[in-house]
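These are the structures in question, set out in turn.
Paired with chain B in one complex and with chain C in the other, chain A is shared by the two complexes that follow.
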Partner chain A sequence: MSTSSSAISSPSQLEAPLVAPPPREARSGRRKLTPGRVAQYVLLALLTAIVLYPMIWLFISTFKPSSEFGQNPGLLPENGTIDNYFKVLEGIGGIPLWKFFANSLLLAVAAVVGTLASSSLAAYAFARIRFRGAGIFFAAMIGTLLLPFHVIIIPQYVLFQRLDLVDTFWPLIIPKFLATEAFFVFLIVQFIRNIPRDMDEAARIDGAGHLRTFFSVILPLIKPALITSAIFTFIWTWNDFLGPLLYLNSPENYPLPIALRLYNDQTSVSDYGATVAVSFLALLPVLLFFLVFQRFLVDGVATQGLKG
Partner chain B sequence: MTTQLEPRPKTVAPDLPTSAKPSQPRPGGKGIRRGSKQAARETRAGYGFLLPWLIGFFGLTVGPMAFSLYLAFTRYNLFTDPQWIGFDNFTRMFTQDPQFLQSVQVTLIYVLVGTPIKLAAALGVAMLLNAVTRGSGFFRSAFYAPSLIGASVSVAIVWRAMFNTDGPVDTGLSSVGIDIGGWVGNVDLVLPMMILLAVWQFGAPMVIFLAGLKQVPRELYEAAEMDGAGKFRQFRSVTMPMLSSVIFFNLLLETINAFQVFASAYIISNGSGGPAGQTNFYTLYLYGRAFRDGQMGYASAMAWVLLLVVAVIAFILFKTSKSWVHYAGDNR
Partner chain C sequence: MFSTRKRRAGVALALTTSAAIALTGCSGGGGSEPAATFDPEEEVTLDLAFWGNDVRADFYNQAIAAFNEEYPNITVNTSFLAFPEFWEARQVEAAGGNLPDVMQFDYSYLRQYSENGLLLPLDDYMGGIIETDGLAQNILDIGVVNDQTTAIATSTNAWGLYTNPILAQEVGASVYEGGGSWEDYNDYMIEATQAAGDSGVYGGTDWTGRIQNFELHLRAQGENLFTEEGEPNFTQEDVAEFFDLGTEVREQGGVVPGQLLEELYPVSAFDSARSLSELTWDNFGAGYLGNLGEPYTELGLVEPPTAEEGSQDLYLKPSMLHAISANTDHPEAAATLVNFLINDPQVSQIFGTNRGIPASETQLESLSLEGLDAQIREYEQSIEDRLGDAPPVPIVGYGAIEEEWRQIGTELGLGTITPEAAAERFFTEMEVILNS
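Up next, the complex of A and B:
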């Protein structure tokens, strides 16, 4: 099968609609602005405002002094200040803010590395190797997609407690290296299945084993799926609350979501400004990721049904 | 050499587990009869590649599930040995634990009210976006953003602040004469507030709906219009059947996800599930029982009840889907 004519090299092109849109002039050019069309856009603009309002509110509120919370119901601060940020940078309970960021970053990066390595290996096995038991294990893997994680958190906790790993990062990192996030295995399997078999058959005929085929043929071809998996893993891990809540007890090990709770518990009455500022800072990397990679993310959801 | 690949055929519904499940993987190769020696080599390679997943699957999923099932029939506090008590945990749950029953009720309301509203919003906005030609990419991204951050602690904090007494929502409603005060401490309003937080994250299912809508052949609408079908009739007779597999997928996923809401309820109620247990969602109650009260056995029993409920719901959805999910090329 020829791969040249319809070949694409970047995932953003993957989302080219099956039915080509009419040429630009025809669809945007002189189309009349009917009242119905105007109403559609007004409605959409209104919806956008409502949907984005909480985030806008959060951002602007970080410039409100704490005393204005509950006093000034307006969106804009009366006496704008950036003191909240300075206060927040000092940290809480003797731990500087950067420490929480570093913990979050370490966990997220480890999760990305582990997920990509283990999921792509498993996906290759499911998509390309014919072996006894593959069908059953694939079905089981799909089954774990629907498994409520609360069924396994208690025994997992007991396990890691017996291994004396509570209050370390290991219980949060080890599972990622064991491909426990079935979504990504599934996503990569789907992606590999759409790669023409000729490509790896050719490599096999040239004498390459599965390892060679995987590393030199398949891996370069599934880059888009790997990027999508990496971004989602990063964001999910960054936002994860239950895992760190279960396993990390010492404040110096806290990632941001748990540290946020500290602010929220201890300062919500007196220092709303700090809470809001740190909430915004915690969200900032995710929002930046989103702005840069929105195409990847949204198309990943559209084609794979990944949850956000 | 540049690496290039075939465009992925754009499937509407993300391939559903069921369709992908059977008889994978397809026979590789070109009809060469594989010798048993080669088969053995393939098997070795297969398990080699699968090793990390296998360790995780048995060590962190199957094993824990079995242990959890055992714990469900015991009294266990992590420090002394589990003590077998038969079905006591289960009978206690349904007969002597009003908090449990309330958490079931609160969770069911959240799932059964929130999920349909969320999906309806997702479908409605997807149809609106499908109709506009310019800027739909921007709107799509903007609407999707909440799905990405909705479960985060930051958003829960924002949500609580927004719905608090004298917060933006309260002041906004007061200014139009609706004086209902803050939602967070209000027994009747805190659950609707949580549902709104779920509905706010309509973007993920919306994106999936939108991809589905793009696949509906335009000729179908044109044919329907020529037959004199109005907009509503077109929606009922063209859009709904053509989207049914996507609706099914979204319904299944969103329902299962809704059962597992945790972080936002935890943050908004400071872990208490209050006021008056109105945010004491199933998972929050389970967490409290296990890790605050040290009742690991009881919590394990709760987890298995949740698993059964989710399994039954998935089973019912799959079974009934035969009668309402229409697959292209299906001549029924």
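Up next, the complex of A and C:
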């Protein structure tokens, strides 16, 4: 008991062992290169190359002129050029490319903030507060997971249209702040259920209400679940096509996935060179996001079990 | 959902009709009298939606700038998407009763949207706000569904046969001259493929895989694919026989093999300089030139073969249309914009042939065509004797049927299905689509 109550008065102490992983053997020094090890690396490099080949093909193809697609299915361009990049940077229909990036980023960041804030609060309520109808609400929340998105498209569209919010970002952002992503709520609920109730009780004895308990005790402990939710939300929102397609009409509001399709119009001339170039550029932020947060993800999984 | 949608659209329709009657006042009977006029002083905002790429978006921006010089009080907001997404977005908006005021429209969706009352009947504006002097009757008829005009064609195209003379010279094969019978064309493909030898270039693509070629066969006998009532005009045996017409040339390797087509997808064998000829709509030429690139700087465009010499198996199809939604708040302003896009010579000078060869004489006259555009224009003139009446506006679900045929065609090309089995599958799938 005494350990947990001290954790409440200074949550950073509790956090400390979670964040700093024990030094690993691998970091302590270089291993000796034996022929067996070299062969192992070569094999791993080969396997990596096979897995990464589509990415590599995409990157190298960004230097192919449009007319080479179809006539030259190989990896290397015959007449390499960087014109594709200059062309896509100009943007579409007078709207520069950075604008599409900015729209995507705004949507993704707002979605991450909204999902984390609302899902964690909702999850806390489901996991820790006993209120009337909790069971039914929980079942209903899980039930929305089984509801195909296509069923609600039209009612939702009509709703936002009546509110006069079509062609603004709000229809894509508001739902995220209302804990509509049942998957994440469920994920965090399960996470909170694994945290010993003793901690909450200790907080309550010290006079903390629900909000104080949530922010001081639960929130620091569910960080791994929050990071997982953040990564998925970011990637899903970044790649979301249907939502923006329905709710955003003005080209200056388009996010990247929609802008990307405009280079590839089957009814007139398709610019495949520009399509692959802009696809590659659109991929970079997600890749960076994942690389930065992947470490936390692994740490999160590694320290998931609360011991001691 | 659908009944409320219909009801709401019905209300909108009733309102617009009564508004039109109110505006006509007592002038009743004067058919030449324009029913509705546009008040240029009114401040109006219109939404205009189209599909296309950045090039076309830029053209539209210029056209709207020209429009605003004449009509400064009409603000036009544009929205554009690629073709499939364009229709996805429209389907949801239609359900919400929130379609854009003016839309670039496609023939294959015209019947569905018209019959659901989603499009504004334009008859009251024809000859008034929308000038019809430059539009031939057969072009006006294209946009008529159930005796009401709901759309106007911007431009037309016809089925044609593209050839690649530069590639033919490169591989030492001849170029198809056009016309002739389908057997002649098959013989040509086998011969040309043999002449091309090891170059990996083929005489053509299997034409039985396109429903348009089947349509040509039916029209040669004076029938359309579907009746006015939407019933198929052919039997399963007809389809099986038709698929069988390609068996010999497939077996002899005269056409691009199915496997190669799959490898090249999404570009076609003709785009990739692996095929010497291809049957398609005549407005595809610019796309081919773009995808072929150097050194293939010119193409041939000739008549397709015919099943019956002297028949009128070809017809003019709208490459795109303009329509106004029934839920628009400003039908007069919308009609003014449509008229400008269809008839104004400034617009055709901006677009060139990006939308196809202009349907309106006033737009066409202002345009000096060269290169491929001139070739397409000449082609459409050269086939005048073979042009019959356009078939009825495509049935609801025609797009899906066309795609089903194409997919079955690729399986025939891969040799995984016999012509009889292919015909049977097509019929089953077609019935599902027609009854849904």
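Here is the rule we use: the second predicted complex is superposed on the first by the 231 of 308 C-alpha atoms of A that agree within 3 Å, B and C clash if a C-alpha of one lies under 4 Å from a C-alpha of the other, contacts with A are read in each partner's own complex, and residues count from 1 in each chain.
We adopt the following convention: a contact is a pair of C-beta atoms (placed from the backbone, for glycine too) under 8 Å apart; a residue touches a chain by one contact, two chains touch by 3 or more.
Only a predicted model underlies this, so the values are computations on that prediction, with no experimental measurement involved.
A.B. asks: According to the stated criteria, A:T144 is in contact with first (chain B), second (chain C), both, or neither; which is it?
C.D. replies: first
A.B. asks: In the superposed arrangement, which partner chain does A:P255 touch: chain B (first), chain C (second), both, or neither?
C.D. replies: Touch status of A:P255: no partner.
A.B. asks: Have a look at where A:F177 lands relative to chain B and chain C in the superposition and call it first, second, both or neither.
C.D. replies: Once the two structures are laid over each other on A, A:F177 reaches chain B alone.
A.B. asks: Between chain B and chain C, which one contacts more residues of chain A in the superposed model?
C.D. replies: Partner touching more chain A residues in the overlay: B.
A.B. asks: In the overlaid three-chain picture, which partner chain does A:I92 touch, first (chain B) or second (chain C), both, or neither?
C.D. replies: In the superposition, A:I92 contacts chain C only.
A.B. asks: Look at A:P244 in the shared chain and tell me whether it touches chain B only, chain C only, both, or neither; answer first, second, both or neither.
C.D. replies: In the superposition, A:P244 contacts neither chain B nor chain C.
A.B. asks: Check whether A:E68 is in contact with chain B, with chain C, with both or with neither, and answer first, second, both or neither.
C.D. replies: A:E68: touches chain C, not chain B.
A.B. asks: Given the touch rule stated above, what does A:M55 touch, chain B (first), chain C (second), both, or neither?
C.D. replies: The answer is first: A:M55 touches chain B but not chain C.
A.B. asks: Looking at A:I154 after the superposition, I want to know if it touches chain B, chain C, both of them or none. Which is it: first, second, both, neither?
C.D. replies: Touch partners of A:I154: chain B and chain C.
A.B. asks: Contact-wise, after the overlay, does A:N264 reach chain B, chain C, both or neither (first, second, both, neither)?
C.D. replies: Both partners.
A.B. asks: Check chain A for residues that touch chain B in one structure and chain C in the other, and list them.
C.D. replies: The overlap between the chain B and chain C interfaces on chain A comprises residues 69-70, 73, 153-154, 157-158, 161, 241-242, 245-246, 258, 261, 264-265, 272.
A.B. asks: Give every residue of chain C touching chain A within the complex, in rising order.
C.D. replies: Per the stated touch rule, the residues are 1, 47, 49, 51-58, 61, 77-83, 85, 88-89, 92-93, 95-96, 98, 100, 263-264, 266-267, 271-273, 286-287, 290-294, 354.
A.B. asks: What residues of chain B sit close enough to touch chain A in their complex?
C.D. replies: 2-11, 13-15, 17, 20-25, 27-30, 42-43, 45-57, 59-61, 63-65, 67-68, 71, 78, 125, 128-129, 131-135, 139-155, 157-159, 161-162, 164-168, 171, 200-201, 203-204, 207-208, 210-211, 214-215, 218, 249, 252-253, 256-257, 259-260, 262-263, 266-267, 270, 283, 286-287, 290-291, 296, 299-300, 302-304, 306-307, 310, 314
A.B. asks: Can you list the residues on chain A that touch chain C in the complex?
C.D. replies: Spelled out, the residues of chain A in touch with chain C are 65-71, 73, 91-94, 153-154, 157-158, 161, 166, 241-242, 245-246, 249-251, 258, 261-272.
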